[in-house]
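What follows is a pair of complexes built around chain A, which joins chain B in one and chain C in the other.
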Partner chain A sequence: MLIDLLRASRRARFGLGLLVVLCVVAVFAPLVTSYDPSDQIDLATRQLLAPSLTHPFGTDFFSRDLLTRVLHGARISLSVAILSVLLSVILGTAVGLTAGSVGGAAGAALMRLVDTALAVPRLFLLIVVLALWRDVALFGLIAILGLTSWFHIARIVRAEVLSLRAREFVVASRALGLTTRRIAIRHLLPNLAAPIIVTATLGVGQIVLIEAGLSYLGIGVSPPTPSWGAMIAEGQTLLATAWWVAAFPGLAIVLTVVGFSLVGDGLRDALDPRTR
Partner chain B sequence: MNPLLQVRDLTTTFMSAGQTVRAVDGVSFDLLPGETLGLVGESGCGKSVTALSLLRLLDDNGRIGAASRIEYDGANLATLPEKALRRIRGAEIAMIFQEPTTSLNPVLTVGLQIVEALRAHRDVSRKAARVRTIELLDVVGIPDPAARINAYPHELSGGMQQRVMIAMALSCEPKILIADEPTTALDVTVQAQILDLLAALKRELGMAMILISHDLGVVAGLADRIAVMYGGQLVELAAAATVLSKPQHPYTILLLESAPRLEQPMTRLPVIPGAVPKATAWPSGCRFHPRCPVAWDRCEREMPNVASAAPGHDMRCWLIDEPERRSR
Partner chain C sequence: MARFVAVRIAQAAAIVFLVATLTFVLIHLAPGSPFMAGGEGLVVPPEIVEQQERNFGLDQPLPVQYLRYLSNVVRGDFGYSFAAHRPVREAFLERVPNTLLLAGAALIVMFLVGTLVGALQSARPASKTDDVLSLVTLGLYSTPVFWLGLMLLLVFGESLQWFPVGGTHDAVVYPYLTALGKVGNRLHHLVLPAVALGLVGAAVTARYQRAAMLEVIRQDFMRTAKAKGLTERIVLFRHALRNALLPTVTLFGLAFPVLLSGAVLVESVFAWPGLGRLAVDAVHQRDYAVVTGAAIVTAVMVVLGSLLADLLYRVVDPRTREAA
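Then we have the complex of A and B:
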C-alpha cells in the first residue's frame, strides 16, 4: 500500500530507487566485489591507485579496494542507522503515547524532561557520551544513537495522541469502559503508524549523517571496520593527490541521505494531504 | 418503582479562556427501569453535556459540581473513582453518539472494535468473542454479518455504521442506553430504521434509554416521558403525551408550534424569536425571559425553581405561581 502511494510522486520514486539499489548492493556486497574490505592487497604496488577497471573506485593508502569498502560501509551505515532508529522509535513512541494518554500533570512532567533533553545539542551530547567510552562496539554505538534520538519522536507522538484523544472514537471507547492502556494500544497506536513511519524514514537519513560525522571525528565506528565517515577522514589529507579516497564514500553518504529524505517526504505527502 | 438512575442538581462547568461556563445548571431527573426518557432542546442547551456528564466523559476542562449527584446502583457516579466507573461504562450504562462515522476507529475493522468492547468487561476468549460479535451484528440487522465483521468503517454506509455502534453499545447488555442524537447524521429513511431498531432492542433487552434529540418528532415516537431543556436547565418534564398535547412551559409550547406538521397546509413555520443565549452569559432571572411572550418583570429578576404544575408534571416557570398571566 505504501509503495503504491509513493508511485504518485516522481521524486519519491527516485528516492525509493536509490534506496533499493543501495540495500541490494549492501546485502550482496560480497557478490559484487571479490575483495575483502580490510585486505591490504599489495602495499608496494597498489597504494592509492586511481579508479580503473580492476578497482572502479581506486584504492586507498593501505592498498584496499575502495569499492569494496564503500559497499561494506553501506552495510555498516545502514544497519547502524536502521537499528538505532528502530530503538528510538520504540522508546519515543512508548514515552509519547504514555505522556499523551495519561495526560495531566504526569504527562506534562514527562514532556518537560523530554524538552530538557532536546535542549542539549545532539552532536555534543554524543561526543561527550562517546568520549567517555573507548572503542565503542557496534552495538554500543547503536544503543547510544538510539538512546539520544527518541526525544523528538516522543514529542511528535504525544502531539498526535493529544489530537487523536479529542476524536469521537476515543470518547466512544471510553464510554465502552476500555482502560486508558487498552485505548492507547488498541485504538491510538494503529492511528500513529503514518507519522511514525514518516519520522522514522527521515530519521534513518539523519542517523546515517550523524554516524558518518562521528566516525569522521574518530569516535564512531572504529577501524578497520569500513565506515563512510572514517573513510572520508582518511581521504581528507589526500584530497589533493587522491581525491577518490574521500569522494566515493562522500557520494555514498549524499545518495543515502537524499534517498531517505525523498522517500520520507513522499510518504509524508502521501499519508498527510495537509502538508502537500 | 425505584428509579434506576437518579440525577440530582447536575451542574457541569467548563473553564474556557479564563471564564467559567455553566453548560449544565442544576438538572435533576429520574430514570425508571425500562422507560425511555426523551431529552429535547435546541443546540447549545446542554443536552449532550448532560449525557457526557452522566458517565464523566467530559474533556479535561469540564468539571461536575461538588453538589451534583448521579446515583446508580447505590453509587454516586459523579464522585466514583475512575476504576469503578470504568466497570459501569459499557457494562451497565452504554452510550451511542451522533456521528457514527467519527465514532468508529477508521483503521480497525468493525469486528475488532466490537470484540474490544466485549473483552473490556467479559473474560471471553477471542474465538468466543468473535462468535458473539457475529451474533450482535445479526441482531442489529447487518446483512451477512460473518463477512461484515472484517469490514472497515469506511466500507459501510452511515446507517450500517450506526448499527455497528449500537452493536458495540449492546455488547455487554447494559441496563441503560444513552443515545445522543443517534439519527441526526443519517438520511430520513435510515433514521426511521434506526429508531425502530432501538425501540425493538429496548423491548427485547428491557433496557432503560435516554434518547437525546433536537427533533421532537424523533423523541415523540419512542419516549415514555419527555424532558425539555433550555439554557442548561430542565424547563419541563412530564409524560410524553402530556408534553406533546398539553405543554405548560411557554418554551415547550413555542417549540411544538415551530415543528412542521403533515396535516397542516404549508405555511411559513412560526419561529421562536431570538437565539439560544450563550453559556458564558446566561440572562438574569429566567433564562428564557428575553424570548418569552408572557414574561413579566419578575421573570427578569428571579430565576424560577422547578415545581409541580400537575402530578407528574414538573416545570421551571413563574406561571405556576401566577397562572392568570397566561391568558393575556
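Then we have the complex of A and C:
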C-alpha cells in the first residue's frame, strides 16, 4: 500500500514527506529545541521578541519560545485528531455497515438520524455539546470530537455497502445461506478498507482544523497546554505589535492539513484504480 | 413539481423536528441541574433549587417537558437569556441578519472566485497554470478560516489600512453619512470577513468546477463548436462553463452548513455581531438557552438552504424535472 502510494504521484510523496517530518519533530520535540514549552524564560527582556537565530519563530507575550510551543502543539493537535478519527471511524463503520446490511426500513431510519445530525453545522453541534459538558479534559475533547464526526463516514460506508451488496460474491454468499452478520463482517468489511482508509486520512486533516477552531474560540484545548488554535487566539490581540505569535501556529496547521490531504488523495488514487 | 416541493418541505420539517429533539436529549443527558451550577464552593439551598425547578417546569415528567419544549420551539420561543436579560428570540432577530449578510456575501465570493479559477484551470489541464492554481486551492482548502481572516486583517487592515479592522460599520461617523455613504461604509466593513470566509469555500468550488469542465470539454458539441470556428474563449465560457455550472449548483446546498460553521470563527476575528459570536459568548457565560436555540436556528437555515438548492437545481436543469 505504501509503495503504491509512493509510486502514485509526486504530490503524494510530498504529502507523505510533510507528515513524516511533522511526526518526527512532534515525537522528538524536546530534542529539537532546548526550551520548555511553558517556560517563561525572562519576562523582562525576552517578551515578544521578533524571529531571530536564538528564537526562530520569536517569543510570545510570556517570553516563551514560540518554535518550542509550535512543536509541542503538534503533539497535542496530532494525537487529538488521530485518536478522535479512530473513534469516529469505528462508530461510522459500525453504523454504516449495520444500516447497509440490514437494509429496509430499519436501515433507512438509521440514516435519517444520521441526516439529522448532519443538518446541524458541525461547529454549532460541538458548541452545544461543549457548552453542556463544560471544562472537559483532553480525553473528553477527543471523545466529543469522535462522537460528533462519524456521521459522514456512516453515509460513505453505507453507500459502499449498498453497491457491494449487488455484486455477485455477496449474492452468492447469501445464496449459500450465510447470515447477514457473517456476510457483513467476513465479506463486506474487508472490501470497505480502501474507502475507510481514505476517508480517515482526509478526516484527520479536518479534525485538526476543527480542534484549532474550537481552541481558538476558547472551548477546545485549554491553556497552558500548547495548542495551535489557542496560540493564534493569543496572537490575535497582539497582531499589530507581534505578527509572529499568530502567524507561525497557523502555518503549522496549513502544512499539517495539506500533508493529510495530499496523502489522502494519493491513497485514493493508489487504492482505487478506477479513478486513475 | 408541486408534489416534489411538498415532499421536500415535509422532509425539511421532519429534520428540523428531529434536530429539536436531539437538542432536548442532549440538554437532559448533560450532567447537573441548571440551578446547581453556581460558582466554586457555592451551595444552593435545596428548597430554592426545588422552587426554581417548579418555576421552570422541570419537576414535570419528561414527556410533558418535551412537548412543552417542542411547542415553544415551533412558536419561535427559545426561552430567556440570563446573561442579556431578555428573550433569546430578541437577540436572535438582531444577530441572524448579520450572519446571513456575511454568509451571503461569502457565498458570492466563493462562487465567483471558485468557478473562475476552475474554468481557468480546465482551459489548459496539466499546464503550469493548472498546477500552480491547484496547489493554491489545496493550500486554501487546508487553511483555518479564522487564521486566514487574521492574516488578511494583518496585511490589509493593520499594515496597508485599506479596510477597517472589525465591526459592521463605523459607529463614529455612521450617523452623519448619506444613505449611499451608509451602504458604502457597511460594504467596506464587509469585504475582509466575506473574502476570508468565501476563499476557503472557493477552493472546493474550484476543484468541483475544474472536474465538471473537463467532463464537458470531452463531449461532442464542444468539438462541433470548435469546428464551427468559434474562438476558444467563446467555446470555453459560452458552451463549456454554462453546462459545467450544473454540478456546481449542488454545492450551494452543501456549502451553506460549512459557511455557517466558518462564520462562527470569522465573526470572532472581525468582531462581527452575528449568531455565531452570540453562541460562543453564551458558552462562556453559561447561557444555555442561547446556545441550544442557536443550534436549532442554524439547522433551520441549513435545511432551508438545501431545499432552495434542490429547487434551484430543478429550475436550471430541465432533465431532473422529467425524471421525477
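Note that the second predicted complex is superposed on the first by the 269 of 276 C-alpha atoms of A that agree within 3 Å, B and C clash if a C-alpha of one lies under 4 Å from a C-alpha of the other, contacts with A are read in each partner's own complex, and residues count from 1 in each chain.
Here, a residue touches a chain if its C-beta (ideal position, glycine included) is under 8 Å from a C-beta of that chain, and two chains touch if they have at least 3 such contacts.
Worth saying up front: this structure is predicted, and the values here are computed from it rather than measured.
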Simultaneous placement of chain C and chain B on chain A, clash or fit: fit
Contacts of A:A166 with chain B and chain C, given as first, second, both or neither: first
First (chain B), second (chain C), both or neither touched by A:A29: neither
Partner chain in contact with A:A246 - chain B first, chain C second, else both or neither: second
Touching partner for A:A117 - first (chain B), second (chain C), both, neither: second
Chain B or chain C, by number of chain A residues touched: C
Which of chain B and chain C A:A175 touches, first, second, both or neither: first
Partner chain(s) touched by A:G229 [first = chain B, second = chain C, both, neither]: second
Touching partner for A:L132 - first (chain B), second (chain C), both, neither: second
Least C-alpha distance (whole Å) that remains between chain C and chain B when both complexes are overlaid: 12
Doubly contacted residues of chain A, that is, touched by chain B and again by chain C: none
Residues on chain A engaged by chain B in the complex (per definition of touch): 103-104, 166-169, 171-179, 182, 186-187, 190-191, 193
In the complex, chain A residues that touch chain C: 112-113, 115-125, 127-134, 205, 209, 212-213, 216-219, 229, 232, 235-236, 239-240, 243, 246-247, 250, 253-254, 256-258, 261-262
Contact footprint of chain A on chain B as seen in their complex: 52, 55, 57, 59-60, 86-91, 94-95, 97, 99, 102-108, 116-117, 120-121, 165, 168-169, 171-172
Complex interface listing, chain C residues touching chain A: 14-16, 18-19, 22-23, 26-27, 29-31, 138-139, 141-147, 150-151, 153-154, 158, 257-258, 260-262, 264-265, 268-269, 276, 279-280, 282-284, 286, 288, 291-292, 294-295, 298-299, 302-303
